[in-house]
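Going in written order, the chains are labelled A, B, C and D, and every chain counts its residues from 1.
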Amino acid sequence: MDKPFAITLDPGSSLANRTGSWRTYKPVYLDRLPPCNATCPAGENIQGWLFHAESGDYEAAWRSLTENNPLPAIMGRVCYHPCEGACNRQYVDSAVGINSIERFLGDEAIKRNWQFVKPTTQSGKRVLVVGAGPSGLSAAYHLARLGHTVEIHEAGPYAGGMMRFGIPKYRLPREVIEAEVQRIVNLGVSIKLNTKVSNIEASMQAGKFDAAFLAVGAHIGKRAYIPAGTAAKVVDAISVLRSMEGEEKPMLGRRVVVYGGGNTAIDVARSVKRMGAEPIIVYRRTRDKAPAHDFEIEEALQEGVMVKWLSTIKQAEEGEIVIEKMALDDKGFPQPTGEFETLAADSVVLALGQDVDLGLLDGVPGLEVKDGTVQVGPNMMTGHAGIFAGGDMVPSERTVTVGVGHGKKAARHIDAWLKGETYAPPPKHELAGIEKLNTWYYSEAPHVVRPTLDILRRQSSFDEVVQGLDEGNALFEARRCLSCGNCFECDNCYGVCPDNAVIKLGPGKRFEFNYDYCKGCGVCVAECPCGAIKMVPEEN
Amino acid sequence: MSYQPIKFYQTGTFTVGNRLLAPEERSVQASSKRFNSINSGHRACQGCGEALGARYAIDAAMEATHGQLIAANATGCLEVFSTPYPETSWQIPWIHSLFGNTAAVATGIAAALKIKQKKNPQAQEIRVVAQGGDGGTTDIGFGCLSGMFERNDDVLYICYDNGGYMNTGVQRSSATPPAARTATTMAVGPEPGNAFGQGKFVPAIAMAHEIPYVATATVADLRDLEAKVRRAMEFRGARYIHILVPCPLGWGTQSSETIKMARLAKETGIFPVFEAEHGELKSALAIRRQLPVEEYLKPQKRYAHLFGKQPNVAVIAKLQALADRNIRKYKLLETV
Amino acid sequence: MFQVRIHGRGGQGVVTATEMLSIAAFDEGRHAQAFPSFGSERTGAPVVAFCRIDDKEIRLREPIMAPDALIIQDPTLLHQVDCFAGLKPDGYILINTNKSFEELGLADLVAGHRAERLCTVSATDLALKHVGRPVPNVPLLGGFAAISGLIRLESVIKAIEEKFSGKVAAGNIAAATEAYNIVRKEMEEAAHAQAV
Amino acid sequence: MLKQCEGSHAVAEAVALCRPEVICAYPISPQTHIVEGLGEMVKDGSLADCEFINVESEFAAMSVAIGSSATGARTYTATASQGLLFMAEAVFNASGLGLPIVMTVANRAIGAPINIWNDHSDSLSMRDCGWLQLFAETNQEALDLHIQAFKLAEEISLPVMVCMDGFILTHAYERVDVPTQAEVDAFLPPYEPRQVLDPAEPVSIGAMVGPEAFMEVRYLAHAKQMQALERIPQLAEEFKQVFGRESGGLIRPYRCEDAETIVIAMGSVLGTLKDTVDELRDAGHKIGVLGIVSFRPFPLVAVAAALKNCKRFVVLEKSLAVGIGGIVATNVRMAVTGMGLKGYTVIAGLGGRAITMKSLTAMLDKAGRDALEPVTFLDLDWKAVNKQIEREKAHRKTGPVAEALLRDAGIVGARNY
């Protein structure tokens, strides 16, 4: 139409007015490090794999997870999940059940027989891994994916190391270990069982290995001197647990005293309970001082395990022991009280920690051994070039997860070393703390509690105590993730911009700012639920 | 075992959208094909709540009418920042006439459309929306608005309430909340701002006209706002939606806090968000995490005089009582 | 040009009367202009209305100050308003009353007037009788047709039919016709009396 | 077809014949009968496809008209006096937006003191609002001007006021020739808007225009009225072709040839003036009458041409520019600038004061002898005025003027004959 001058205007013509020039600060998208990822000893990108799980794409989630950890079904059972302790959701309602989702994904992978993708090229290098425990398996897996030929030498009859000999069935069914180990074998890793490496250099020469990763674990039960009569039965926890794997169960009698307050002590007590015995844990300090995880102590007590806190064994005789009551001093250390008590006991199981068998290192030049562990550099290499070590045999917290983490880390360094390079890990993003989030946008959704086996079966069988999640509640639990510091495409920035200055790039592509019109008001930053945008000054 | 089934992604209905929603569950604003009825390049202040509210509401109305919409606009910020010659931000047929006559202009548009429809019944039907600020609605335009209500003309009137005459430099309107400082109600004497009471609360007056549909909304609850515009378009006759749109300039808040302020207004009970049909209250948007009014008042410079060395406890208590009254009256703590 | 002024009270159909008079004249092919005294008078207040009748276009818009005829719809006005102001010598006067000019105390005022131009008719009674309401305006028009000879009774009846319908029209026609006959009779008697 | 009917009714019929699509109605005397009439026609269906809206004020009436006109509907409303002032803001807006609304103004005085009777103060107070203003002399012309007004308004996209004297015309029963629908359709084509609110072609109407373009917008409004100056006589000519009547145009001279004195006026008083002039002519005065039909745009050239041979002119107007004198007179004087004519302003008929031949004759006789004051208030009651002036000199608390004057005149209720 022939419009009147000035008073009538063509639609949308204000695009000519670039309001971006009003800006003194501008918003920028960024990824921040979610606290779960930050705390995972295995270095998992938890928020990353949850992102896929949220959409129900469990295989993608599993593949993302196994980028860092080849044993989700195992970890989903035995990991002590520090991630959940760090989870920002605990400030909204309760932490996301990361561990249970990991287990769900691991079990899905076994059920659906998902396999690892074989490397396309081979490096021609050969790496010897000593020990088929979590650390060794992890290293082997990563090295194989990097195209190296990997051979694991395992002294024992089965793969799994402490996962098999240290963790009872009711916490970790053996078929789960079998399945995840088999998947690593299918990737091309060869495992030689009953093959004890007694001299590492000899084994390396014999097998023409270019490098070695040692992860023999800590299998030798610590002994402590207890005055004991000849007839007294005193055994160590590791051998008890190991013997559970064999055919003939250990003969411990009815009243079994377990001496120690760590997870191993709990494991032994709960195991013998299942064999019909009446375990009593004797520990010299209090429950809150005990190194065992409280939820495990709780489960043990539920199952009828007795505990004598603040007690030490003074004397072991046939059929009974004498304990002395202790009291904590002001520094929290237990001190003898001189009060004694006699307990009936058919046997005493010592659960006082384990030592490493360092025999295979005898005579290797350059190695440094300190209080029973091999010293390694930040790249996990021992004093001897080409020989790396990890897991329980190096100084660190002795958990499966730490072991898996060592395996990954060592593998990356070994790979670099084989190439004559040094591996530099990528810089870490800034942490996405709760203060960076706008939690208003997350709707109320309480944590899903994993179902547990009924108490009678727990006391009488080795059936798995903690059950898995079904798909419905696994999905629900995954969707409780706040996606801290990482855009999950909620469209908030796109919606709340008063200047339509956010461009939506489509599914998976996130967004970008249209700085021609963005006035820099910062509403998008304030309303981003997960803290994936920040304001930065315009450079002048 | 039982677990709660999830309709939406864990951000529920609070975010604008998300990648996991079925298309029919997505908000209009989440769509990359939304109309952007008011386009980029407008001259609103940084973080303008009215610019945001207008796009939310008009886009939703465009969606509901398949783009067959004409808008009348009162004089005020929205008009000034959207259509300074030689540019307009509007992508829809739009007319600005005067400050106080928008409802009547819309009536005229509706009347003309009715006749055109009658003369050409197979033509696509076109609907009318009128919009203005609280000054143009509750003060100078109130006569025309009431007339439009009383005749039940087929017009959806949307009031963007930022609690004052911000365009002219923050003077008091009849929608200025109690104790809020404006350029014409300086923070002197015991009670700057309105005399106590809800001021002139036009949604209630609209309900008194018993028009088919009345609703309040805020820019902090997008989905609620869009649902109300959609609902409004299902009715014939006069409809009224009153949207709270924070004004960083007039309220003395950070430009980034626009939505936060609207959210606080609702969560404290200061601004009740509800829906009424034919004069009867139908539903209210429940408070999710109730907060004391201080949470809402403190960040705003217009209330700074309440929080000096000696906080004005009496006035704050009165404001809390106001919020409590809303909570009782509109049952804001009862979740349906 | 013939100018008529009608006096009455609000509610007595004064304005309507002038309009009908103009319609009657129009029906006879004349030019006519009827207009009220543009007041905001309410029921009961004194009201005046005017009607001009001519054979050519009427351009004059001033109020009628020198009427050729007066119709007074309410005799109680006689002592409140100067109804006779400007009346031309030998102007026509028709009053709604059952009294005589003498009884109304108008003897001096009308002294010298031609008797057959001074008539009274109790139009209110006729209205009550035929229409059932005390609206004297229409019967008076019948009387005016008679007294002035300016318009025919048929034209008045046509005007009535244009303004009213059904029973009201019929009643008014009856009333106007009776008034017409009454006035004719009065005029004849008056003429006869003068002849004697 | 010839009819004897009320002026308001005649106008209602004319408007209906123009097929309006939206009519806004708000009651105010003396306009009310017009919209009442239209309301009946919409109800009984004789005026089809028309929305009739009872608004809550004149301000709303014009605002509704703005909305409907901008949406492409032929739109009509009517008002008077206070009503016109109450809608003033919207009146300016309608012309500013270039919306071809047609509005009848049943001219009436403006208070205080409140007064319902006729003069021209209302529409003349809006003389600069950007509307065209056409004044009717008779009910026939009022009827005809409405038909012309719609065509004119829509052609040049400006609103038009048709002004007719309240009561004197609106309430007067007289003969009018009401054209047939066919005749009107032949003269007035359907409305084709210059701009329209339509989703198919969205535009923003009513933008904020700053110093950089505002003057241009105003100039264009002026240019449009200049354009109308040419169109108005042509339309009158076209109208004559179809209806066979002289109606409208810019000015209407009566016996002005060889006239030494020309009296200029607008509206219904022209009739009385013509009768007066006829008598004066018979008495040997060389006098004529010039009627102004189009007050806006004001026909400067045409007026100058009509006056070029006279010696003097008298502007008789029903309006007062307080503090200067005449409003029409001021415009006329602008037209005759430099022509060396004697000019007299006569303020008459304010608030319904009757303008009689007697007074006009006396006044024009004086004018003929150049014995007239430059500004004359016709039939002013000097006794009452002076008394009040004295009173005010005497003491401070004199109370309300109007009531005092009525008291002096011994008049209880206003009577005007």
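Keep in mind that, in the parts below, contacts are C-beta pairs under 8 Å (C-beta built on N, C-alpha and C of every residue); 3 or more make two chains touch, one makes a residue touch a chain.
These numbers come from a predicted model, not from an experiment.
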A-D or C-D, whichever has more C-beta pairs in contact: C-D
Nearest-to-centre chain - CA centroid comparison: B
Centre-of-Cα separation between chain D and chain A, whole angstrom: 93
Averaged-CA centre spacing for the pair chain C and chain B, given as whole angstrom: 66
Distance between the centres, which are taken as Cα means, of chain C and chain A, whole angstrom: 116
Centre distance in Å when chain C and chain D are each reduced to the mean of their C-alpha atoms: 34
Per-residue multi-chain contacts in chain D, two or more chains: 97, 201-207, 209, 213
Shared-contact residues (touching 2 or more other chains) in chain A: 6-7, 9-11
Listing of all chain pairs that touch each other, if any do: A-B, A-D, B-D, C-D
Residue numbers on chain D that touch chain A, as the complex places them: 96-98, 157, 193-196, 201-207, 209, 213-214, 216-217, 220
Touching residues on chain A, where the partner in the complex is chain D: 1-11
Parts of chain C lying in touch with chain D, wherever the complex brings them together: 18-19, 22-23, 25-27, 31-41, 45-46, 48, 58-65, 85
Footprint of chain A on chain B - complex, ascending: 1, 3-6, 8-20, 27, 29-30, 32, 36, 39-44, 46-49, 51-52, 55, 82-83, 85-92, 222, 248, 254-260, 263
For the chain A and chain B complex, residues of the former touching the latter: 6-7, 9-19, 22, 54-55, 440-443, 445-446, 448, 451, 470, 472-473, 475-476, 479-481, 488-492, 494-496, 498-501, 504, 506-508, 514, 516-517, 519-523, 525-527, 529
